[in-house]
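Look for chain A in each of the two complexes below; its partner is chain B in the first and chain C in the second.
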Partner chain A sequence: MIAKKVLLVGNFGVGKTSLIRRFVLNEFSEDYISTIGVRVSKKVVEYENETIKLMIWDVAGTSGNEKIPKAYFLGAHAAMFVFDVSREETYLTIDENLQMVKELSGLQNITIVGNKKDLLTQKELNKVIEQVSVNIDLITSAKENDNVEAAFMQLTAQTLN
Partner chain B sequence: MIPAKIEAIFIQITTDFSGVIQNIDAGKFAKNEFSLQESIYEVCPFLEGTVEALETNKPFLLEGMVIVSNNKEYNVDIELFKTENSIEIIIHNRTNVYKIVDQLNQNRNDIFFIKREIAEKNKELDRLRKIADKANEEKSRFLAMMSHEIRNPLNSILGYAELISAEKLTDSVADYIKNLSSAGTNLKVIVDDILDLSRIEAGKLQLASEKISIRNIIQNCENDFKHQQKNEKATLKFYVSNNIPQFLIGDSVRIHQILSNLIGNAIKFTEKGIIKTAVKVVSEDKNEVKILFSVSDTGRGMSDQQITKIFEEYQQNKLSDNRIKGGAGLGLAIVNRLVHAMKGKISVESKLNIGTIFFVEIPFKIVANTITQPLTSHSVKPLINLKEKKILVADDDTLNLTIVSHFLAKEKAEITMVKDGLEALSKIETSSFDVILLDINMPNMTGEELVKKLNIFQEFNAKTPILALTANTTEEDIKRYKDIGFSGVISKPFTSEIFLKKIQEVL
Partner chain C sequence: MKKTPVDNTKDNRFELLRELLLAEDREKFESLSKEVIFREKLAKNVSPLMDEKILDLREKFPEYFGDTITETIKVQIRDSQDEVVEALYPIMGKLVKKAIVSEITKLTESVNKTVKEKFSIQEILKRFFKGKKNDADVVLQEVFEPIIEEVFIIEKDSGLLSGSYSRGNIADKDMVSGMLTAIKSFAEDAFSKEGQDLEDIKFETFQLSIQNFKSIYIAIACSGVLNATFKEELSDRINNLAEIILRDRSYLSDEERLNTLIFQKLIEE
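This part shows the complex of A and B:
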């Protein structure tokens, strides 16, 4: 079994902790407690006949151009950038934010996930997709367990590239 | 020797490159969680994948990590140092420091979400306000339409009552007619009040800003009420201070309305004694003068509890008041709003069974180069004789047409009556008139359409004044009529005095 370190980053309140809780424990809570510091969760996944232990870093959410400590990325194999489809400010400067994550982590590809799709109608969602200046890998809902597994599988795939 | 307090907040551990604990070097923080020859990754999962990537002989710091000991979470900072054959790890318990950061962060995020929620609620409130505004506009439109519909038959009621009262009548019939007129007049006041209030509520009240004379307004009030006041036990008195500027900038119609309302109320509720209206200057500078109007009576007065409610709509102090005294209880609500619209203040002092004083203080702009003048008596022009004056009257309402013809016949005018716009058009094209009176809402051709046809007036009536006879009495309506060519408007319902006065003004 191989261990892979992956990080979830993005603005505060976008649902990083909820995505991890849904993926690792299959749980969801409406309560919002902002994450301080880093909690690491483990989950063993099977991907293309490989058993992989994912070390998932839940990094505290940032605000605006706040930087994530570079030390967190040491040894990271992949990263997921999460934004909230219902909050414009979490994806308006996604270009700059992604560039910053790439520079800090040294990773070339980042999985881009838009969370909280349950808060929008399909029409509103399409508008957001049009507005986001980069390719979104997956639109998820941690609350409704929609596409969460797929998002982490994509992240796992990235660890093997 | 390390002091116990220091030992309790850190632990120093040596592991091999795969994270197996080789030695616990110093410190006692979370010591129970760590055992020799076991993996440090169980307690510090964040080290798995990280230590492998460390550079040799280069210190490395990981801040704000979370570990669990005895089912309790701790925030720790980790110092790592990789040597040729081991990894030195120092774990600092920084929970207390991070607790503050935690609170600050949570607060910051909470504030953000509260702000967002407020912004959303504000949007919702804005939407609801627009809906309410629209509903209010609809209400005002409905009231304006209803008042128009009421004014037309009211004109007939008041007109005929006036005509009948001029006939030879028995005492009892004269009494009935008097009551009929009084009821009709009260109804007119109510309709006007409702319309005024709806106009104010819809924000459509536009105050005029014109040169006015306070003395003339008071004189007009005096003339009006002298005729209305029939109670010999109550005396009306008017005082105007000598230093009131001759001219000021304001809205004379609305000032008159405010005073008429207060004086009218005082008359209603004073069985005997004095009703005094006084005007004086409160303060003055080069641009503005504050004037205090007071209306006092020796009537039944009010309790403190009654005073708190008198400026509310549909408020009359006794349930029977609206039956005995008339009105819908809107007068003071309107006065209050008018005074505030003029940036003024209104207050009241009252004692039960002694009397009431209303104070209205209004700031007025001063007209440059004005001089103060003593009160001069208001002169009322005698009504002109309409003998041989040719007057065309067009109205599809037979009752109204008859009333108008009676009023004019009394003055010996030569009347031509038609029942619609087309008939009026043919008369205008073929005969000359001294005055043309046009109803607005007529079949075949409305009064407005007729006035717009300028060429039909060319030959015989190029300079003939045209008056609109209408129940559409909003300021916008009146302005529109004047803009398209009417010389003036006679608002329904009207008395013969008002009707003839309006004709006199244009002749």
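This part shows the complex of A and C:
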């Protein structure tokens, strides 16, 4: 079995931990317990006839252009950048933030995920998509289990590139 | 006397350590900032009288509450000494280690002296033929035999587990490797400059030593009292093992083969 290290980054409170929790345990909680430092979870997935052990690093959220310790990125095979579709400040400077993540990690492609879809109407959502200056890979809801599996599958695919 | 293997499934020690390291700070910070925001709101909205009172409180806070706070902190530290020590260990690690080592050496010397004075000539001769172990070590070793509980060979960057050995029952080796690497990254990032590696972590009866190599690190958890001879020997064996692995890197992608090698080189011999 091959093992891969993947990372979730983004502003604090955007739902990184919730996405992982939904993906790994199929659970969701309304409580917000901010992640401290970094927490590691594991899930074994099947992808294109390959069994892959994903070690998922859930990095504490940042604010503004606060730096993530470089050590966390070492040896990462893929990374997901999560923002909150209901909070402008989590995606307005996404360009810069992505650039920083790319530099720190040395990864070319980052999976970009807009979470908390359930909080907006389709109309509002369209507006957000227009505002975000980069290509969003998936719009998810950890709460309603919408697109979460797909987001992690895309991340898995990136580990194999 | 046979020792029972340590069971790690009940609680994740690494998680515990991490929480200890960080949880309280964050919590305290959050509640403090809430309090400050609350005070500021209050000051704006309530009558000037309240304002005055708050100002007075702010200014004379140390005078009014200083003693109480000092007392509370003292009590807290006293009541949670273990936690304080554990939380501080990675930070203070090296300093503490130095101090402890020097104290223990002193202690060992004094024990040696006593033992030498009290033991019969026969005993001394017997020990003489046993080799380089000193008297205190002999006594200590019989009581607290050092045992290798776990071995992890971990890819340095990614924290992915390449191979392992376990005497008891460990929760989930992949998770332990990941968390250990995360703690290591965190500690190294936060408390030390480049080129310095975290080397020892101690919790409860476990002592975890980390030996760093270029692309892997080897973490070994031991129980019992680790005397100098045991440590030296272990360190030699670890170096040998690492040499073999790094010369033939195919070990790193073949877990079973690596596990066998670990067993042969560290446990069996």
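Criterion: the second predicted complex is superposed on the first by the 161 of 161 C-alpha atoms of A that agree within 3 Å, B and C clash if a C-alpha of one lies under 4 Å from a C-alpha of the other, contacts with A are read in each partner's own complex, and residues count from 1 in each chain.
Note that in this section a residue touches a chain if its C-beta (ideal position, glycine included) is under 8 Å from a C-beta of that chain, and two chains touch if they have at least 3 such contacts.
Computed from a prediction, not measured in an experiment: that's the story for all the values here.
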* Based on the superposition on chain A, does the combination of chain B and chain C result in a clash or a fit? -> clash
* To do: Check whether A:K5 is in contact with chain B, with chain C, with both or with neither, and answer first, second, both or neither.
  => both
* Asked: In the superposed arrangement, which partner chain does A:V24 touch: chain B (first), chain C (second), both, or neither?
  -> neither
* After superposition on the shared chain, which partner residues are touched by A:L74: those of chain B (first), chain C (second), both, or neither? -> both
* Asked: Thinking of the overlay built on chain A, is A:V132 touched by chain B (first), by chain C (second), by both, or by neither?
  -> neither
* Structure fact -> The answer to whether chain B or chain C touches more of chain A is B
* Thinking of the overlay built on chain A, is A:W57 touched by chain B (first), by chain C (second), by both, or by neither? -> both
* In the overlay, answer first, second, both or neither for which of chain B and chain C A:V38 touches. => both
* List the residues of chain A that touch chain B in one complex and chain C in the other. => 3-5, 34, 36-42, 55, 57, 69, 71-72, 74-77
* Structure fact -> Touching chain C in the complex, chain A uses residues 3-5, 34, 36-42, 53, 55, 57, 69-72, 74-77
* Interfacial residue positions of chain B with respect to chain A in the complex -> 45-46, 48-54, 60-66, 75, 98, 101-102, 105-106, 108-109, 112-113, 116
* Structure fact -> Note: in the complex, chain C contacts chain A through residues 18-19, 21-23, 26, 30, 155-161, 172, 174-175, 178-179, 182-183, 185-186, 188-190
* Can you check the complex and tell me which residues of chain A touch chain B? => 3-5, 12-13, 32-34, 36-42, 55, 57, 60-61, 63, 69, 71-72, 74-77, 87
